[in-house]
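Order as written gives the chain letters A, B, C, D and E; numbering starts at 1 within each chain.
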Amino acid sequence: MDLTDILIMLLKAVVVVVLVMAIAGYSVVGERKVASWAQGRLGPNRTTIPLLGSIPVIGRILTRLGIFQLPADGAKFLFKEEPLPGHVNKFYYILAPIISFLPPMIILTVLPYGQFVKDGVMEAVALSQTDVGILFVMAVSSISVYGLILAGWAANSKFPFLGGIRASSQMISYELCIGLSLLPVFMWTGGTLDLFAVVQAQGGVLFGESIGLPKWFIIYQPLSALLYLVALFAETNRLPFDMPESETDLVGGFHTEYGAFKFGLFFVGEYAHMVVGSAIFSIVFLGGWSIPFLPLSAYPEGILGALLSVVVLAAKVIFLLFFFMWVRWTLPRFRYDQVMNLGWKVLMPLAVANLLAYMVIMAIMPGALL
Amino acid sequence: MAESADKLISVFVDGIEVKVSPGTNMIEAAHKAGVEVPHYCYHSHLSVAGNCRMCLVEMGTPGVDRNTRQPILGPDGKQVIQWMPKPTIACATNATPGLHIRTTSKIVKDCREGIMEFLLVNHPLDCPICDQAGECHLQEYATDYGRGYSRYVEDKNVKPKRTMIGPRVILDNERCILCGRCVRFCKEIAKDEVLGFTERGSHSTIACFPGKTLDNNYSLNVVDLCPVGALTSTDFRFKMRVWFLKETPSICTESSTGVNTTVWSREGVIYRITPRRNDAVNDTWMSDSGRVLYKQVAAENRSTAYAIEGRPVQAAEAVAALADTLSKAKGVAFLASGKSSVEEMYLLKKLVAAVPAGTKAVHLVPHVDKGDDFLISADRNPNTRGALLTGLVKGLESAKCESLLPMVQEGSIDTLVSLNECAGVCGLGREELKKLQYVYLGTHYCETSQYANIEVPLLTVFEKDGSFVNQQFRLQKFSQAVPGPEGVMSDRAFIFATLAKLGGKGPRNASAEAVWESMAADIPQFAGISFASIPAEGRPIDGSAFASQPFAEGKNLHFSA
Amino acid sequence: MMHDVLFYLFAAMTLAPALLLVCSRNTVNAAMLMIVSFIGAASLFALLQAYLLAVLQVMVYAGAVVVLFLFIIMLLDVGHEGRLRAALSKLVAPLAFFAALGCCSVLAILSGRGGEAPAGLEASPAASAESFGMLLFTKYQLAFELTGFLLLAAMVGVIFISRRAIPAGNRTEGKE
Amino acid sequence: MAIKVLHRKPLTLAERTYILPILSGLRITLRNMIKAPVTLEYPEEKPAIPKGYRGVPTLVKDPNGREKCVSCQLCEFVCPPKAIRITPGEIVDPANAHVEKAPKDFELNMLRCIYCGLCEEVCPEQAIVLQDIYSMNSETREEIVLHKDKLYELGGTLPDAHFKWDKKKKAADEAAHGGHH
Amino acid sequence: MLPVALNHYLIVAALLFCTGFAGVLLRRNVIVVFMCLELMLNAANIALVAFSRYNATVERPMMDGNVFVFFVITVAAAEVATGLAIIVALYRRRGTVMADDLTALKK
């Protein structure tokens, strides 16, 4: 591994982080837009930037779309006074937002973003490829709960503390479901835990051209997909599962005592988490960058194909992000005991039953459906 | 009122039996039964005029057969009540045994309604402007007994407004309901006949006698007396609505009479002072000169800051400096003041005892002026008796400060502490004071305070609580109405802190309660008294031990005695 | 060389937090230190090419066990520990014993075999998930099943123990 | 009164899965997203002020430009958040001296005002009126404490129903020129 | 700096074990004692993985040590759950988690 390799890897990493952060950042604006649409409002439509905003037609359209809201919000978070309440545990108070921000960033390293075909050999567009891919993802995302717990505890006041407690038990409860709902998929793909292999298994068309369903796992295993989706909502603390935050009963939950940049880290961290979660869902259940009814080999060779595949995956991720927001502005929050009941008494047994069912299916007709 | 039980007679007010002494009028009897009879012209301390007609009630007497002089008995075996066919005025009718009064019957209600309607016919109804609004009987009775709407469609009478009938009193003729309380007050109490009725019919009005003005020192009492807003005080006029004002019971410091007063303040600003009824001291009157004493709170020469050698300091530094000065002094003279409260005098006595100096002298500066034989006595110190009772001075004669000047001149005194007294009254001038360590404690600056080494601001009577003993040896307490200047300790707290700094013995803390605990133990006349237990109308103290003292009043000045 | 540097780094990352944990008065600090120590151990596993174990270590310990610890710490609101368990004088003997034991084992290890890697080490394959699975379901099947049973038993036990104890005679229906 | 116990309808199986209700909810929000917004774009588009709207309390003058307020301080008394502070004063202008009283200063703290309208309701002279001003703001705390001048400027003129200026004056003049009635 | 070999891992394991044991002895807080127990288990895990790794050859990829660690982790998880449940029960009953205060049997 020489210096150029390292530099190239660094460059790739920077590109990935910048892209994902951009998506995460704009999903903040997107969230506000979706919320306002769902509520019959306009949403952010005023913020403008001197030169860009005054371009005759485009500038106005961009302004009305709220495109410039993001830099404004970002600048606000950066330049606001950084409060450090006197009663907090300072070390953990500062550490918590960093911890909650890091896991999604780490997970980015093992996700495949597309394919790159060169001389007939298909490679993943990824920062690194490991054969324990999905396990790594789960291991790292299980760390992210510490951000919330520590924030709740370090803030040294009631509401954040309750938020922290809720976060910890909710995370533990739904992590099981995540694992169990993903297992059948990886059993199906023949034992590999590699995410790239999962995508590859989803290219092509199911049941031949006559019926014509994309060969995605959401078609094979709808229950797994549903379970994972629900658990994903819980893991990313999105409504209807935003127990740790639940602003109506806990003020702001774990981040009640946070402001300015540290709050911004939590905020962006949550959206980064959503982006990563959507990416995993797309990769595992929505065929990654596969286009319905087309085999993966339909992508052209070289950079163009790679870019196309990345764009397709990004489109799926963005749709899922929209779905996240759509659900948020539709459903009310569950009660805490309902969350726990759902996790342990509904999702867990369902996931186990689902796993057993696919075990039986695969034992009876091994490889029949692939 | 001395009422021996066997002389009392039974009166029935709306069926409630009350025992009253013979000769009590029906308003007082009803009041005793807890029933209010509305009235304008009647006043408990003035003669009865009976011209407002508001107090009309129904009365009935037990039936007696004219011929046989036997009681007429009803079917139930009880004496029949013979009700008068017409209502009578309650103020001018005295109670007789077995008298029955109805205050809620239809006739009474109709009467009151009618009277109210007549009174309001020419009343301008300018309550939004009127200063009486909020304590106006016309307002109160109109809501309680009035009709609620007007049937009068003609133009109302127009009479002069803003007539100056005296330097301190303004008359609004339109509002006057001709009750005549003011006329009677001038004649009976102030003994200065100035006011009378003039004109006829609906143009009848109050006016000064030609060539006279209402300018005696008790003129403002007519403003209090006036049940409506016809007579208003120039001083209080348009200043503040009464419903905003907080009432604080206080004592007038004008003289040793100890007139009971109410201080009316809002948010730390005093707006007026009115008399508080105390039949043993001042009935319901007070002097005009006593009413303006609140202006000393915001006076120009008011002392508001502690200073050592002219340098402004915090209270704690002043305490330390005073304690230091006292502990170093060889001979100390104290100029005590008869304006201090009993508690302060007691603490001062403790402070004197704690001073280690060899020569110690305490002087009480007398302030004697001519009394008016009514509510202003010759002794203008409100608390001369307190100084004797607490033992601050042994006798009035020995406490006079004529001896101070020679002591200063011969040098046996090197420190002078004057409390609310100007050293000048004892003949001390600039040269003498320059020689001394001079500590001036006072509410206001005086001509010698500029020579003080230590200046200490004190609080006026409105800014602190405490008690005075008046000329009748009546212990009366006053409460704090407004806060003192910022950063100024209360007089008691300051003396207490100095005492504590000197290591002297005293009460457990500076609160009035604690000082009274200590005083009740120390002083035989105060035994068993606590600050909270002093009633609003005061409490007589045994002053027989001081009978031989040469008091300035000469005689006990309670005007009714 | 890289391997060596990483080893020392990870060893320090494992040991230093462990030491601090033993000294830490604050229970939450202790838990956080434990995570760091576990991640250090996981890194050592990765260094030993046991990637699956490394990930499992992070997932199970950092992801679940310490969260559970934190949850309990916060739930019980334990607070700070005033002093150590006993006077140090009482502990001199056992501590010395274990210090000696540690020294001995270190010496023994240093003096014994294993100072150098056996031949063929570099080439030997990493512990893959697949080989893990093979072993678990063949050679160690009984143990695997027993562990599963143990987990079930533990779960039932935990639910039983952590049930809120209702004093006898005070039982009300639906109060749970 | 009899108590009627209502039982919630038990959920059907489809409802109990949550999926179908959630989907129908998603459909509703989606439909909303497509619809045009119902909000006003405030600074450009102004809302229509309904009758009886309670905006910023203002002081009004009569058509002859004379103060209606006589500083009776009833509004100060009734004001629940104590936003009003009046310094009463006397009218010195001899022509109008018969009205006697007018505020020397009228202080209205808009940081405190809760727009309850009690001051308007209690005012015996109809001098304080909550009109249609709904956006009162400033850059400093001092500025938003409105004083007499500002309040009259905001309030403008409203017809006088009391005639205290003219009717009384006429009567007083007549009385002064002799003759009862 | 010695080239890292099996010994180094074993030393780390031994030190970690002793640290954990010292913690078990010294600490009063049962929760921390429990954490120290986990440290000791981890020490064993490191040793096992190291043995497994350093005894492997191309022909004979010794996985047994790793599998053993797998079991240890599993059992440790079960142990933590049970242990913490016991601590919670203890706390509910006694209001303390300090080992010194749990002396019912002494009296």
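Assume contacts are C-beta pairs under 8 Å (C-beta built on N, C-alpha and C of every residue); 3 or more make two chains touch, one makes a residue touch a chain.
On a predicted model such as this, the values are computed, not experimentally measured, just so you know.
Trainee: What chains touch subunit A and also subunit C?
Mentor: Per touch definition, common to subunit A and subunit C: zero chains.
Trainee: By label order, what chains touch subunit B and subunit D together?
Mentor: none
Trainee: Give me the step distance from subunit C to subunit D, shortest route via touching chains only.
Mentor: Tracing touching chains, the least step count from subunit C to subunit D comes to 2.
Trainee: If you count the contact pairs for each chain pair, which pair has the most?
Mentor: C-E
Trainee: Could you find the chain whose CA centre sits the greatest distance from that of subunit D?
Mentor: E
Trainee: Could you tell me which chain's Cα centre is nearest to the average position of every protein Cα atom shown?
Mentor: Going by the distance between chain centres and the overall C-alpha centre, it is D.
Trainee: Need the most distant chain from subunit A, centre defined as the mean of C-alpha atoms.
Mentor: Chain B.
Trainee: Would you mind pulling out the distance in Å between where the CA atoms of subunit C average out and where those of subunit E do?
Mentor: A distance of 5 Å separates the two centres.
Trainee: How big is the gap, in whole Å, between where the Cα atoms of subunit B centre and where those of subunit C centre?
Mentor: The separation of the two C-alpha centroids amounts to 84 Å.
Trainee: Starting from the mean Cα coordinates of subunit A and subunit B, work out the distance between those two points in Å.
Mentor: Centre-to-centre distance between subunit A and subunit B: 81 Å.
Trainee: How is the touch graph of the chains shaped: line, ring, star, complete or other?
Mentor: Contact map by chain: line.
Trainee: Which pairs of chains touch one another in this structure?
Mentor: Every pair of chains meeting the touch criterion: A-C, A-D, B-D, C-E.
Trainee: Inside the complex, what are the residues of subunit D that reach subunit B?
Mentor: Listed in rising order, the residues are 70-74, 76-77, 88-90, 97-101, 124-125, 168, 171-172, 174-175, 180-181.
Trainee: Which residues of subunit B touch subunit D once you look at their complex with the stated criterion?
Mentor: 126-129, 133, 155-159, 161-162, 203, 237-241, 243-244
Trainee: Mind listing the subunit C positions that touch subunit E in their complex?
Mentor: Against subunit E, the touching part of subunit C is residues 3-4, 7-8, 11, 14-15, 18-19, 21-22, 24, 27, 30-31, 34, 37-38, 41, 44-45, 48-50, 52-53, 56-57, 60-61, 64-65, 68-69, 72-73, 75-76, 78, 81, 83-86, 91, 94-95, 98-99, 101-102, 105-106, 109-110, 112, 114-121, 123-125, 127, 131-132, 135-136, 139-140, 143, 147, 150-151, 154-155, 157-158, 161-162, 164-165.
Trainee: Subunit D touches which residues of subunit A in the complex?
Mentor: Touch list, subunit A to subunit D: 34, 36-42, 226, 326-327, 329-331.
Trainee: Which residues of subunit A touch subunit C in the complex?
Mentor: For this pair, the touching residues of subunit A are 92, 130-132, 135-136, 138-140, 142-143, 145-146, 149-150, 152-153, 161, 164-165, 168-169, 171-172, 175, 191, 193.
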